[in-house]
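The structures come next, written out as structure tokens.
Two complexes come next, and they have one chain in common, chain A, joined by chain B in the first and chain C in the second.
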Partner chain A sequence: MSGWELVHHIGPSIALFVGAGIVLSADMLLPRGRAPLVMLTLLTLVVAGGWALWHANTGTSGPAFEGAVVMDRFALFFIFLLVSATAAVTVASTEWAQELDLKGEYYALLLVAAGAMSLLAQGNDLILIFIALETTSIVQYVLVGVTRKDRSAEAGIKYLISGAVAAGLMIYGFAFLFGTTGATSLDGIATFVQSGPEDARLPLTLGFVLVAAGFGFKMAIVPFHGWAPDVYQGGPTPVISFLSVASKAGGFAIALRLFYNGLGGGDTFISEDWAIMFGVFAVASMLFGNLGALVQTDARRLLGYSSIAQAGNVAIGLAAVAAGTTLGPSGVMFFLGTYVATNLGAFFAVIAISERIGSYEIKDYAGVFKRAPILAGVLMLCLLSLTGIPPTAGFIAKLYVFNGAVQAGEEWLVAVVAIAVVNTAISAFYYLSWVRTMALDDPEEETSIRTTGPMQAMLGLAATGVLFFGLVPAPLISAAQRAAEALSVPLS
Partner chain B sequence: MPTLFLLLPAVGALLALMLPRHREHEARWIALIFSTLAFAVSIIIFIWFDPDTPGYQMVDQFAWINPGLGGFEVQYIVGVDGLSAPLVLLLGLLTVVAVLVSFSVEHRVKEYFAYLLLLETAVAGVFLSLDLIQFFLFWELELLPMYMLISGWGSGRARYSAMKFLIYTLAGSAFMLVGFLVLGLEGGTFEIEALTQAPPQDALVPLSLVFWAIMLAFLVKLPVFPVHTWLPDAHTDAPTAVSVMLAGVLLKMGGYGILRIALPILPEQAHDFRVILAAIAGFSVVYGAVITLQQRDLKRLVAYSSVSHMGYVLLGVAALGAVGLSGAALQMFTHGTITGLLFVMVGLVYERTHTREISEMSGLMHRMPLIGTVMLIAGLASLGLPGMSGFVAELTTFLGAFDAHPAATIAGIFGVVLAAGYILWTVQRVFHGPPDEKWAQLTDANRWWEYTAMGSLVVSILLIGIFPQLITRSIESGIEPIARIFEASA
Partner chain C sequence: MTITLAHYLAVSGIVFGIGVAIALSKRNVVAVLMGVELMLNASNLAFLAFSRFSGAFQPGTEPLAGHTFVVFVLTVAAAEAAVALAMAVLIYRRRETVDLDRISVLRW
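And then the complex of A and B:
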């Protein structure tokens, strides 16, 4: 493979890394306040997205770098998702970033995070996966502390410490996997697992449970969720909005890749073991997240618990493995696709509203609908989508994942789905209470709330996404299904 | 045609929401126009519907999600048969009535009417859907407007009651979804028609469990003892129009679901559990009636009487025969108009007296003879007086159920006796007796929308009472295929 082909293979990531460098240099070299940082950031994202589109059209696929990275439809799905989410956050946070000392660093770090996660989605080797995952994590620790204020720094440290523990557990798990199978590449691990060595069951199990700890930290699933509520409340909200979707998507992407490709999808002797593990995680996350969210009064903290509960919903898709069907993984991807629009919309609206009313307390959202019908309307729509009320995307997403779990044909999965739907009823309590506060309570003052143009555009985009994928889910479903098929194709 | 009926209220809701705040009172006219148009469409659907042609009519269909959820696509498919045509008509009528009695709403007017119209769309979707997923979608869609209406425009502990309504319904429908998904896995399709033709014989989880998972949602909605406790709270605290919709059409979603989905798709399980269903029904009738007798709040009284009356629907269902099922379906329709009217009247009284305590009212007949008379008509219809629609429905139910479940039927008939007691006693306490000085200033019904709302319901009650075949022909054609399933198995 020529040098260009190798570059082309990981083009989107390279574009993002190079873009980050350009943004940093521009910030350093040009006079303060004059550098077109937002434009450069967006330009980089457009180049990366365009590159991914190029791959999608030419159908480039397969492994490179000795099989360490692979460019397939699965990777492309997540690259598109991450690039769009990063672009949305970039645009929506322009106003907030104006005040920032470390403006150039902020945009550059966003790009590095996106680049590392893109690489993660392409990762096909334990070592590359570890490097990509750690790059993302470190960038995110810094991002959380980027305002250098007390709360922000505290949240950054909390995130760092729990992240470091998770990374340690994960690398320990990798060691087990390597020690048992003798391979770091997922293909090699898959070959070993498919030969079905019963006596390797214990070390393999230890390995994947520890690995799940590392990924679970990114996804914020119980029991690796401890950081989420504190960091969500303490960190700068625009950064958290990025974290809440990108980190989760990255975590689920690599979990799908490792468990489906590396551990052989639905038809190996250990697939049921890890399916049950994810089922347990899913149930625990939903229960813990929803019960925790019930008593929250702070919007960010509530969204933190809600993100744990939602991760539980997605994890059902991971548990729904079955030979010969891609419903489980495509459900994960469809859910994440809609979740990006929904959660970003919710966060952006919270940022826009709280900035003006000066409070994140939900009771202070009383009557916001009268003062800002569009802002509150988008937030209400996104909360309905998180609950799973039609005609929003969240309804279809939950339906898709639950259906995938039932179709996998296991009785225990039906029980998991039953718990999940009961959890939906629990979650309605806090989501709709919030909706009610905004729509029906009387505001303390009547002055209308306005936000900036870029923010309005992003809110409009998110709301469109939430409604569009609720009414016309087919395009995203096909994309997710085609991406999921790439997972089940044997790589060798 | 059904699609038009589905869309009209939703379009009206959007238009109402788009009104600028200072002109929001015009929302009532938008609501009236669109609900009337929808009512007109529902009349056309009912007239066009031909009871002699079997199967679904006026079907609109297209592939909605393709590729779908797994191996099969999800369709948008709506249509009417003899079962849904009368309910669509009822929905059209009661929404117009609900809009009319809401003309006195002064608070957040445009949102109010938008939610009311959205509610009509959602319930219409439940009655018209011929696909389980689509049915579930509309079932869930109904929650939001209803929750907002009770919570935002209700009285008393409206917040609490609205949340209770929401959690009960969601918890019920949660299990319904699991049941649907299991059925879809077994049957390879979510289309109700196809599943009815080839009911699943075996499933991942025992079919009896699936049956109860689905029935739970319907029994909560109906509601029957012991899952009825949300209803009195919701009714008591809801605004008048919402009570009309709740009693009139929302409760019918439960009965309709049983007749459309639970019985035809899982006939063996229905047959196995018919005695339990009949026992629940009989107990609900008597329990509801006894509790009704003890009520001191006029609205709560009507609400509990609904629990009793919905017991008849389940009793007719449990009979699993053509006569009983027809009785159940007819009872749903007549209860909708009669209880709808009762709630309208309670609302009119409350608007004037600002109290619902029965003990505080006395001799209101002197002040409001028209309201008193219509209340008496509604009451008599509710207790099943011959010549009114309630009589036909209850008689048919009892005739159909007696052979299969004599004990439950006798309990049901006892419920009628109790109904006569609580209704006549209430009318006597509220409207008769010595006129109370403090009510000397009260006026009778005097606004055109009040006349229209009362008049249309009284006419429909008398019309069905005298010419029951107007509705029964359609109902019998809808019941016939369901009854045939059970005759074949018997």
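And then the complex of A and C:
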């Protein structure tokens, strides 16, 4: 491969990293407050998205760099998801970032995080996966502490400590995967696992359980969820909105790639072992997240517990491995796609409302519907979608994932789905009681709440996404299915 | 007595266990970071031992991948420690403590 072809192969990531450098230099060289940082950031994201589109149109080009990265439909799906989420957060956080000391650093770090996660989605080798995952993590620690205020710094250090421990566990797991299979590339691992050596079951199991700890930290599934409520409450809300969707998407992307490609989707001797592991994680996350959320009074902390519960829902898709179908992995991808729109919408509305009423307590949201019908309307729509009520996207996503799990034909998966349905009912309590507070309670004051133009645009976009994917889910489903097919390409 | 893969893995396992125990039990941020360093170095030892001794390598696979991995782990560990210590200093300036139990405006 020529030099240009190699660059082209990881083009979206390179564009994002270069863009981050440009944003930092512009912030440093141009007079204070004059640099068009938001414009540069958005331009970078457009270039990265366009580059991914170019790959999508010219046909994807398989592995490169000795097989360390692949450019396939699966990677493209997540690159599009990450780039759009980053762009939405950039636009929605312009007002908040105005008051930030470290504006340039904030935008540059967002771009680096997006770039590292795009690379993660393309990762096909343990070394590259490790580096991309750690780049993402370290950047996000800094982002959480970016305001350098008391709570932000505290949330940052708590996130960092949990992340460092999770990374330590993960790398030990990588050591065992490498030692047992003798390969760092996922193709090499797959070749070894498919030869079915029963005596390698123990070290492989040790390896993938430890690896799941590192990925589980990114996804915020129990038992690696400890950071989520604290960081959601203490971190700067725009950063958290980014983290809640992008970090989760990145974690699930690489988990799908490693477990489905490396350890075999449904047709190897250990696939049922790790499917059961993810099933257990899913049940624990849903129970812990939903029961924890019931007693929360702070909107951000509630969303933190809700994100743990939602991660449990997605993990059901991971557990639904069955030979020859792509229902499980495509369910994960479809769920994540709708989750990006839903959760960003909920977070943006919380930011817009709480900025004006000066409180994140849910009881202070009383009567917000009378003061800001559109803002509260978007928030209600997103909460309904998180609950999973038709005609929102969240309903279709849950239906799709649950259906995939039942179709996989394992009795224990049916039990997991039954627990998930009960959990949906539990989650309705806190989501809908928040909706009731906003709609029915009387406001303390009558002044209307207004928000900025960019924020309104992003709220509109998120609400459109939630409704569109709820009413016309076919395009996203077929994209997710084509992406999932790329995962199960037979080895050459 | 010949030193085999099992011996290296035993040492690596013990160091990893000590690291995990420190990381989970200590409440001082710096001590937790030291525990994490032990975990990472235990992994490095395991990587090198596997790379040198493992019989699992297919023909044509470069066992040097393990050595390469160690270099990257060291680099990432340094970057992580730099960010962690910067944050610890930031916290210390505001609270005069780096004790995780006392950094608790947020419920842990």
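Everything below uses one rule, namely that the second predicted complex is superposed on the first by the 490 of 492 C-alpha atoms of A that agree within 3 Å, B and C clash if a C-alpha of one lies under 4 Å from a C-alpha of the other, contacts with A are read in each partner's own complex, and residues count from 1 in each chain.
The criterion applied here is as follows: a contact is a pair of C-beta atoms (placed from the backbone, for glycine too) under 8 Å apart; a residue touches a chain by one contact, two chains touch by 3 or more.
A quick note: this is a predicted structure, and the numbers were derived from the prediction, not measured.
S.K.: Which of the two partners, first being chain B and second being chain C, lies in contact with A:Met28: first, second, both, or neither?
M.R.: The answer is neither, since A:Met28 touches no partner chain.
S.K.: Which holds for A:Val414: it touches chain B only (first), chain C only (second), both, or neither?
M.R.: First partner only, chain B.
S.K.: Which partner does A:Tyr141 contact after superposing on A: first (chain B), second (chain C), both, neither?
M.R.: Touch partner of A:Tyr141: chain C, not chain B.
S.K.: With the two structures laid over each other on chain A, which partner does A:Asp150 touch: chain B (first), chain C (second), both, or neither?
M.R.: Once the two structures are laid over each other on A, A:Asp150 reaches chain C alone.
S.K.: Does chain B (first) or chain C (second) touch A:Phe429, or do both, or does neither?
M.R.: Once the two structures are laid over each other on A, A:Phe429 reaches chain B alone.
S.K.: Which residues of chain A touch chain C in the complex?
M.R.: 126-127, 130-131, 134, 138, 141-142, 145, 148, 150-151, 153-158, 160-161, 164-165, 167-169, 171-172, 174-176, 178-184, 188, 191-192, 229-230, 233-234
S.K.: For the complex, which residues does chain C have touching chain A?
M.R.: 16, 19-20, 23-24, 29, 32-33, 35-36, 39-40, 42-43, 46-47, 49-50, 54, 56-58, 61, 63, 65-66, 68-69, 72-73, 76, 79-80, 83-84, 87-88, 90-91, 94-95, 100, 103-108
S.K.: In the complex formed with chain B, which residues of chain A make contact?
M.R.: Interface residues on chain A, with respect to chain B: 325, 327, 370, 384, 388-391, 395-396, 399-400, 402-404, 406-407, 409-411, 414, 417-418, 421-422, 424-425, 428-429, 432-433, 435-436, 439-440, 473-474, 477-478, 481.
S.K.: Show me the residue ranges of chain B that touch chain A in the complex, using the header's touch definition.
M.R.: Residues 21, 64-70, 108, 111, 133, 137-138, 140-141, 143-144, 147-148, 151-152, 159, 162-163, 166-167, 170-171, 174-175, 177-178, 181-182, 184-185, 204-205 of chain B touch chain A in their complex.
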